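Two complexes are shown next, each including subunit A; its partner changes from subunit B in the first to subunit C in the second.
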Partner chain A sequence: MALIELRGVTKVYSKGGRDFAPLKDLDLDIEKNEFVALMGPSGSGKTTLLNIISGIDKPTRGSVRVGGVDVPSLSRSKAAQWRSRAIGYIFQRYNLVPVLTAFENVELPLLLHKMSGAARAKRVTLALQAAGISHRANHTPTELSGGEEQRVSIARAIVADPQIIVADEPTGDLDRDSASAVLGLLTRLHREFGKTLLMVTHDAKAAEIAQRTIRLQKGTFLTPEPGASSGNGTRPPTPSPAPTAAGAAP
Partner chain B sequence: MITYILRSLLRNKTRSILTIGAVALTTFIFCFVRAIDSGMDRLLSSSGAEKKLIVYHKNRFCYATSKLLERYVPRIAEIPGVERVLPLKVYVSNCRASLDIVTFEGGPTDELLASRPIKVVAGDLEQWKRDEDAALVGVALAKRRSLSPGVKFRVGNVLVNVVAIFESGSSVDDNIAFTHLGYLQRIPGLNSVGYVTQIEVYLKDPARSEAIARQIDDMFATDESPTDTKPERAFLARKTRDLAEVVTFARVLGYVCVLVMLAILANTVVMAVQDRVRELAMLQAVGYDVQRVAAIVLAESGLAAFAGGLVGAGIAALVLWWTRLGIATEGIQVEFALSFGSIGMGVVSSTVAGAIAGIAPAWHASHLEIADALRSL
Partner chain C sequence: MLLPWDYGVRNLQRRPLRTALTIASTTLAILLVLAVAAFVRGLSRTLGETGIEENVIVYLNGAERDLVRSQIPNRTPALLEASLQGIRRREGTSYVSPEINLSTVVKLASDLVQGEKALTRLGLLRGIMPAAFLVHREVAIVEGRAPGPGEVLVGRFVATKIGAEGLRVGDGVDFEGRHWNVSGIFAAPGTVYESEIWLNVEDLQRATRLEDVSCVVMTMESKEKIPDVQAFTRTRLDLELAAMSEREYYSELGKQYAPIRMLAWVMALLVWGGGLAGAANSMYASVAGRTAELGALQSIGFVRSALVLSLIQESSIVAAAATLGASAIALGFLNGFALNFTQGAFALRVDGTALLIGILTGVFLGILGALPPALRALKKPIAIAIAER
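Entry: the complex of A and B
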């Protein structure tokens, strides 16, 4: 059974009295430890799909099971609690709290879990180290570059050791060098820490690091072009993950 | 989490300072009103209850117009159940409500000292007994008018020589200057030799107060100065009736202040939430549930209100302690009394108002459309 399993997922919004369907009857399986890139033009439904998988949004029709959990059936609070354990979210615009330091930003998700201050500090430090930003732990977001901010955002996404990381255009606001560094970090999370990654991107080069690329257009998946190395349904062998987290990553 | 809440409060310093300032101001007013209220309560509860009757001129409501014949005194003293009688000539600088009224009470020295438990803190009590124009000044009046033994003190036609300062523990007496009865009766313009303003009647048995009051009033019903006799508490309540109405109005103002505070806080918290819709959505995206997000907003609102309440109540306590402010009407001094209970009530009221003001913004923040909010600028 796939880690993420979507069946007949449709999302319909009403806008100005008219119905608008960013997702139409989608089926999707994503295996554990898989790295999937989700591509498509603006308005194709990529972010909506990501939000539905992470329980931030609910489908109008269809089923969404993530790690065996029927996500749409969860109440708002239950979905939040589930997300705090199961999902790490990386945003395009980082969404760091400007009045907190990098360390405190990364600590935020851990405040939801029962653990001692020392244990929390240890996990935050490990996450910052894994994201290569521990030297900026005491700086506030205004003192960080975009690339550094995104690293802090990645550290925040992995600090609670979720199985799934969803990234919504994580390199969209970054220059080429920073984007490349962030992509390298995401690859490492997948290869070394065995995380399942689902990344929305506009950038074909960014999508190349994924094992599989799914293309969305007008709310439906496009079939892969013949001979393409990636696309809907093509699934390269999953690399065996490095032993997780306990000591190496949070 | 407390770090996040505190830093969020400080992220817009100007707004936070203005909000805390507004809450402090309203709490200050609230405490001030409570102090007047408590002062009135204290005045009425500290009075001699039913053990002391005040005989006053019937249908006269001001010291200047109440004129009882001094010859009534021995007749009242003869009534069974009366322990002692104290005739008093009262002279006030102002019959109306004022923040600075000077009250002179002239009485026979020995009876006066027997009736008022006072402790002389400066000067010479014997000189007061001896000298006709000597005044024994209450500590609060002395402080307010910078009086000390040896100083001559004039109010209107009354010129006295301050020879001693006393304290009594009663806010009314501490604001009075005691003089000799004869001296006050002979003040030019008063024309009141043989007359007194009121007669204090001390009873052996408080249970008989009503019967004795009726007996006194019946005794002089057809005399030159018909009397109206009341227990001291009822007398003070009548004297301060106008003030009590002002206090009632002030009390309403105090509650309106709390409502104003509520509106100011609600507005500030709504703005604070609107400013960081995306951040609050991020918190929910990383796992903060409805209750936690609501609690953050409520805590911020409550904390700002608590800080403002603390500042406002603290300033009110300092101002009232430093100035010993009071208001007097018809010569009766009501000292503003801010108790720890009132300070606590001010702080708690502002904090609760803060929490209430945060309810709607907290609900809004915790029920954001996360996906839409994450896309917002």
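Entry: the complex of A and C
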């Protein structure tokens, strides 16, 4: 059974009295430890799909099971609790809390778990180290560059050791060097820490680091393009995850 | 699980000027509510606490409980003393005080210089005999001495009542065509007496050419004896007297001010509403730019109730600072401030009840000011919120 399993997922929005469907009758399986890139033009439904998988949004029709959990059936608060354990979310614009330091931002997900202050501090330190940003732990987001902010955002996504990391255009706002560093970090999360990654991107080069690329257009999956090494249904072998350090994800 | 306390505090530090202005406007709203509470408490206390439980006032039946309009013969006090059992006596002295209550124009030395341009000052006079200090035992001379011939003893708030800047021992006042010297100052905390001018009843009778007194105030051995006095006045119809417990008299007087108290509370409510709108407006502005941040916190796993509580916490910090500031100002500047009213003068009273009202105002401003903007911000779907710039 796949870690993420979507069947007949349709999402319909009503706007100005008119309905439009960013997702139409989608089926999708993503295995554990798989790294999937989701590509497509603006408005093709990539982010909507990501949000439905992570329980932030609900489908109009269809079923979504993640790790055996029927995600759409969860209430808003239950979905929040489930998300805090199962999903690490990386945003295009980082969405860090500006008044908190990097350390405190990374600590936020752990506040939702029963854990001593010392244990929290240890895990935050490990996450910051894994993201290569521990030297900026006491800085607030306004004192960080975009690349640094995204590293903090990644540290925040992995600190609670979720099985799944979803990243919505994580390099969209970054320069080439920073983007390259962030992609390297995501690759490490997948290869060394065995995380299942689902990444939305516009950048074909960024998508190359994924094992599989799914292309969306007008709410439906496109068949693999001729000559493409990946696409919906083709799945390269999954690498073995490296052991995690001190019980924490990083 | 709640967000860290620091989150709220640091959010307030994001825009220090706006936070300072919000604290200032909230302080003002709470201060105004405290001022109204102090006004009502002061007025209620003055009229509600004037009088001694065992005291009874005997006055002219038909004066409609207005002592200024009451006139009873000079011989009445002696008659009452001889006819009634249960009047308190000590060392051969009966606690029977014939008194004249008079409202008249009082002039200060400066008024005489200004002539017709001078302010009209209406003073409350009480003609007394030494027994007055026995029956009104809450009265204590705090400076000078009891009045002799041509002298007056003034209450602490007389200056406020007549609109003067102050009256000291040795100062002169003019009324009823005569000049009087201030022989002393008395205090009677929380009573209407403090805004009265006391002088010898015979002096006042001579000055006003009155032959009667307004009332007789007597202290009975216990309050249970008061009905006996009332029974006596009802039996001796020829004397045309009525009797009423002193406490009841001033309490009834206080009821006349119920509309003013009600108006004051309505004003306080309006001020409170204004403060609430201001607090909500500040929080709207504060959370408007944080939609994406709040969306991100929800996507991490914080439930909406935790975020609402965090925003209330933030708003409550402002309200707490404002409450402290307003309470300090009220205690420092409003408490004891004397105000004039028709029955005399009274001091604003920032007591425990008034402070509690101020604190509750702050608490409600903190909670209710944050709720609408918090709920509005968090009503937005997370998927839309996190995409906002």
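As a convention for this text, the second predicted complex is superposed on the first by the 244 of 250 C-alpha atoms of A that agree within 3 Å, B and C clash if a C-alpha of one lies under 4 Å from a C-alpha of the other, contacts with A are read in each partner's own complex, and residues count from 1 in each chain.
Criterion: a contact is a pair of C-beta atoms (placed from the backbone, for glycine too) under 8 Å apart; a residue touches a chain by one contact, two chains touch by 3 or more.
Keep in mind it's a predicted model, so treat the numbers as computed, not measured.
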Quiz item: Putting subunit B and subunit C onto subunit A via the overlay, clash or fit?
Solution: clash
Quiz item: After lining up the shared chain so the two structures overlap, which partner does A:A204 touch, if you call subunit B first and subunit C second: first, second, both or neither?
Solution: neither
Quiz item: What is the contact status of A:S84 with respect to subunit B (first) and subunit C (second): first, second, both, or neither?
Solution: both
Exercise. Quick one: classify A:M115 as touching subunit B (first), subunit C (second), both or neither.
Key: neither
Quiz item: Just subunit B (first), just subunit C (second), both, or neither: which does A:I56 touch?
Solution: both
Quiz item: Residues on subunit A in contact with subunit B in one complex and with subunit C in the other?
Solution: 47-48, 51, 54, 56-57, 76-77, 80-81, 83-85, 89, 91, 93, 95, 97-100, 104, 108-109, 111-112, 156
Quiz item: In the complex of these two chains, what residues of subunit C are touching subunit A?
Solution: 1, 3-4, 6-7, 10-11, 13-14, 292-293, 295-305, 381-383, 386-387, 389
Exercise. In the complex, go through subunit A and note every residue touching subunit B.
Key: 47-48, 51, 54, 56-57, 76-78, 80-81, 83-85, 87, 89, 91, 93, 95, 97-100, 104, 108-109, 111-112, 156-157, 160
Self-check item: In the complex with subunit C, residue positions of subunit A that touch it
Solution: 47-48, 51, 54, 56-57, 76-77, 80-81, 83-85, 89, 91, 93, 95-100, 104, 108-109, 111-112, 156
Self-check item: Touching residues on subunit B, where the partner in the complex is subunit A
Solution: 1, 3-4, 7-8, 10-11, 278-279, 282-292, 367, 370-371, 374-375
